[in-house]
Amino acid sequence: MKKLISVSEAGKLITPNASVMIGGFLRCGSPYRVIEEIIKNKTGGLTLIANDTSFEEYDRGKLIANKLVKKAIVTHIGTNPETGRQLNAGEIEVELVPMGTLVERIRCGGAGLGGFLTPTGKGTLVEEGKQVIESNGRKYLLEKPLRADFAIIYATKADKFGNAFLDGTTRNFNTVMATAADTVILEPEEISDTPLDPAQITIPGIFVDYIVMQEK
Amino acid sequence: MKKLISVSEAGKLITPNASVMIGGFLRCGSPYRVIEEIIKNKTGGLTLIANDTSFEEYDRGKLIANKLVKKAIVTHIGTNPETGRQLNAGEIEVELVPMGTLVERIRCGGAGLGGFLTPTGKGTLVEEGKQVIESNGRKYLLEKPLRADFAIIYATKADKFGNAFLDGTTRNFNTVMATAADTVILEPEEISDTPLDPAQITIPGIFVDYIVMQEK
Amino acid sequence: MELSKEQCREIIARRIAKEFSEGDVITLGIGLPTEVANYIPHDIHVIFQSENGMLGVGHRDLAAPENPKVTNAGGLPVTTKPGAVFFDTAMSFTIIRGGHVDATVLGALQVDQHGNLANWMIPGAFVPGMGGAMDLVVGAKKVIIAMEHTNKGKPRIVKNCTIPLTAEAEVDMIVTERCVLERTEQGLLLKEINPMFSLDDILRSTDADLIIPQELQQLAG
Amino acid sequence: MELSKEQCREIIARRIAKEFSEGDVITLGIGLPTEVANYIPHDIHVIFQSENGMLGVGHRDLAAPENPKVTNAGGLPVTTKPGAVFFDTAMSFTIIRGGHVDATVLGALQVDQHGNLANWMIPGAFVPGMGGAMDLVVGAKKVIIAMEHTNKGKPRIVKNCTIPLTAEAEVDMIVTERCVLERTEQGLLLKEINPMFSLDDILRSTDADLIIPQELQQLAG
């Protein structure tokens, strides 16, 4: 059985200056309850790893609006004008990564691999500072694995073993992030008293360290 | 809608000297009906890519017993004594690959990546002829992607879009192989008239070229 | 000849919608490319892929809850078509980069005669990020650019891109309100021309070298 | 002192079964390592991983059909424990190589004092293949070797492996019917000794340099 904790306990786990992966694609499949606690605790200096910085008034986008993020490693910041403003003002560092490369770097970090060769970004600014390796007559960029101190993961439904089912397009980055952080916090919408069907699990519970209890 | 074909038509698709990925882990999740046709047609000179050469009297193991395999790229041949006998007699070539590396090479081939860095095999015979690349202070082998002309894939249940559900431990190599061959033939136990639930699909139908009809 | 922005977009979207065959897997970029979906002939069944993690994207779902579980890459709620599949973003880019997408339609800032594409950043301006565009352009079997022919009169189809690239030599086709260009081994071929424009109009508003065939086809729409 | 093969195996399996903590994820190799599962204390809940693609492996399933859908890595039908999960082999090795397995128990042909392991081939003999062993040894947080102390009197614990390696410097612990050895920065530490054997018995049947502590603990069983 995994450790069931309150959202307030979950928020306290996150330490200042930590790197934090947060699942979600814009608002879809985005955890938000632990984020509210981080904001309440004013836990700052964070490195945010996510698909995007969402919107100013939602989920991880609020971390930006509350100036708790020192650096964002993302594919897109266009939907959150505050990220752009802080970037212009030199208040935040932003590393833009192609989406397929970002998700693969995280998978790589979770899968114990040392890197991968991708054709994406070849001949573009993304190539800068990277090793170019030829394989079977085609040139590829060597991209490195990405891991984090924490991952905050959304689930539609979880059981007490931490096994999680994610419906619709909520899976997005949640699945790979669950494998690539030292401490993984699952934020399910619903917790089932009975185990989920073994053939219908999106994220195996062994990746999960803590399950955030449902709101009363 | 995918092309529904008879098992006899499916067998005829496989050409002599082709490379063929066949799903399954020993007997579990192993397609066998198309294989019977390949044997009937005596389609030989094949390169078999699979987890193992199964057993002499079952599924892909029979391809070996019928001397239709020129080369096997597998992780294990111990359960099929005929593979060992042909190897000793110089009648077959066997490339042994660590399991995690084999499945990742196939995924890599299906995912348009040029290779990956793995710590597996470092300092062993598996290292021979491979580039060693240092990344974040650790040494890794550069492993290359693997693709095939054909993949023969097991499914527990499929719909007419080619979407497939694989129950229990039948998923094994079937999922990645479906992404990494020029022509993918799905051999489901059951074909559903209604579409499968979008959240419970193991292999998306877009990877599938042909669905083998059920036996009468 | 003056066309409104809406007219331009419709001409472009209608034309691109004719490029697809039964069963094609297609990923559309946001903005103008999204509109292509509205003009696909009813007898052709294509499968729309959404990079966040879905195949079989249907229409905008107007009955969706406030925080929907099924969205497109723009975050908007969508319906699912029969045969739809959900997966994670890693699988989504296995599909995209692995060559399992038959065609992608994307906008552009500049395209050059070598097939180079620039559509993600203008130096000095705010850069929202490349999202999945770099992977899409590299991975899709056919890359179709949907854009207005010029940027307020300034050519966008050029000899060599002058702003940072999204990908090298990956563009296969360019569709504007004025013409259809196809990239061939010899260079950019002028395939079709909108009869509202003269050949001279096209040449004056294009910086790239074009191959002009003997007989020009009329832009299909 | 003569122990039967069965007695040796039981001593080894019983001892290794004491190494685990509540919630540990464990992958057992085939053969002797599999027997460890029979001796896990009833108050400790561990999760067995099977490299073909399963977490929560239960017992041998004697009621399974001829061609079962739930098998272990040896192809034998097994039951599932509550909380079990099925996945593909790619995910299985994400788990294994990614360091998500707390411990693996494997057999060996030779282990040396540097933690090098040889368990997949003897030159000149038939080589069945490494299966998942190379990934397991590199990926698992703790690598425990379960083997009889000697091969018909010939030492298996040596200064330097003389047959091809499975992995370099990955072994953490060796459990035989005679003793328990732990790999430390200083070398192989003799942690526990089976009182049926003398220290001299151990030293004579071991080729590696051993660190002998002042007080030897008795092999737990």
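Letters are used for the chains, namely A, B, C and D, taken in the order the chains are written, and counting of residues starts over at 1 for each.
Here, contacts are C-beta pairs under 8 Å (C-beta built on N, C-alpha and C of every residue); 3 or more make two chains touch, one makes a residue touch a chain.
The model shown is predicted, which means the values in this text are computed figures rather than measured ones.
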Between the pairs B-C and B-D, the one where more C-beta pairs touch: B-D
Centre-to-centre distance between chain D and chain A (centres being mean Cα positions), rounded to whole Å: 35
Inter-chain centre distance, chain B versus chain D - centres from mean C-alpha coordinates, in Å: 29
Geometric centre distance via CA averages, chain D-chain C, whole Å: 56
Residues of chain D touching at least two other chains: 54, 86-87, 93, 96-97, 138-139
Chain B, residues touching no fewer than two other chains: 104, 107, 111-113, 118-119, 167-168, 198-199
Graph class of chain-chain contacts, one of line, ring, star, complete, other: other
Contacting chain pairs - touch in the sense defined above: A-B, A-C, A-D, B-C, B-D
List of chain B residues in touch with chain D within their complex: 25-29, 51-52, 74-79, 84, 88, 96, 98-101, 103-104, 107, 118-126, 156, 167-176, 202
Complex contacts: residues of chain A adjacent to chain B: 104, 108, 111-119, 133, 135-136, 138, 140, 142, 144-145, 165, 167-168, 198-200
Chain D contact footprint on chain A (complex, rising order): 1, 107, 110-113, 159-161, 163, 179-180, 195, 198-199, 201, 204-207
Residues of chain C defined as touching chain B within the complex: 23, 25, 47, 49, 54-56, 80, 82-87, 91, 93-100, 138-139
Parts of chain C lying in touch with chain A, wherever the complex brings them together: 50-54, 67-71, 73-75, 86-90, 92-93, 96-97, 116, 121, 126-135, 138-139, 164-168
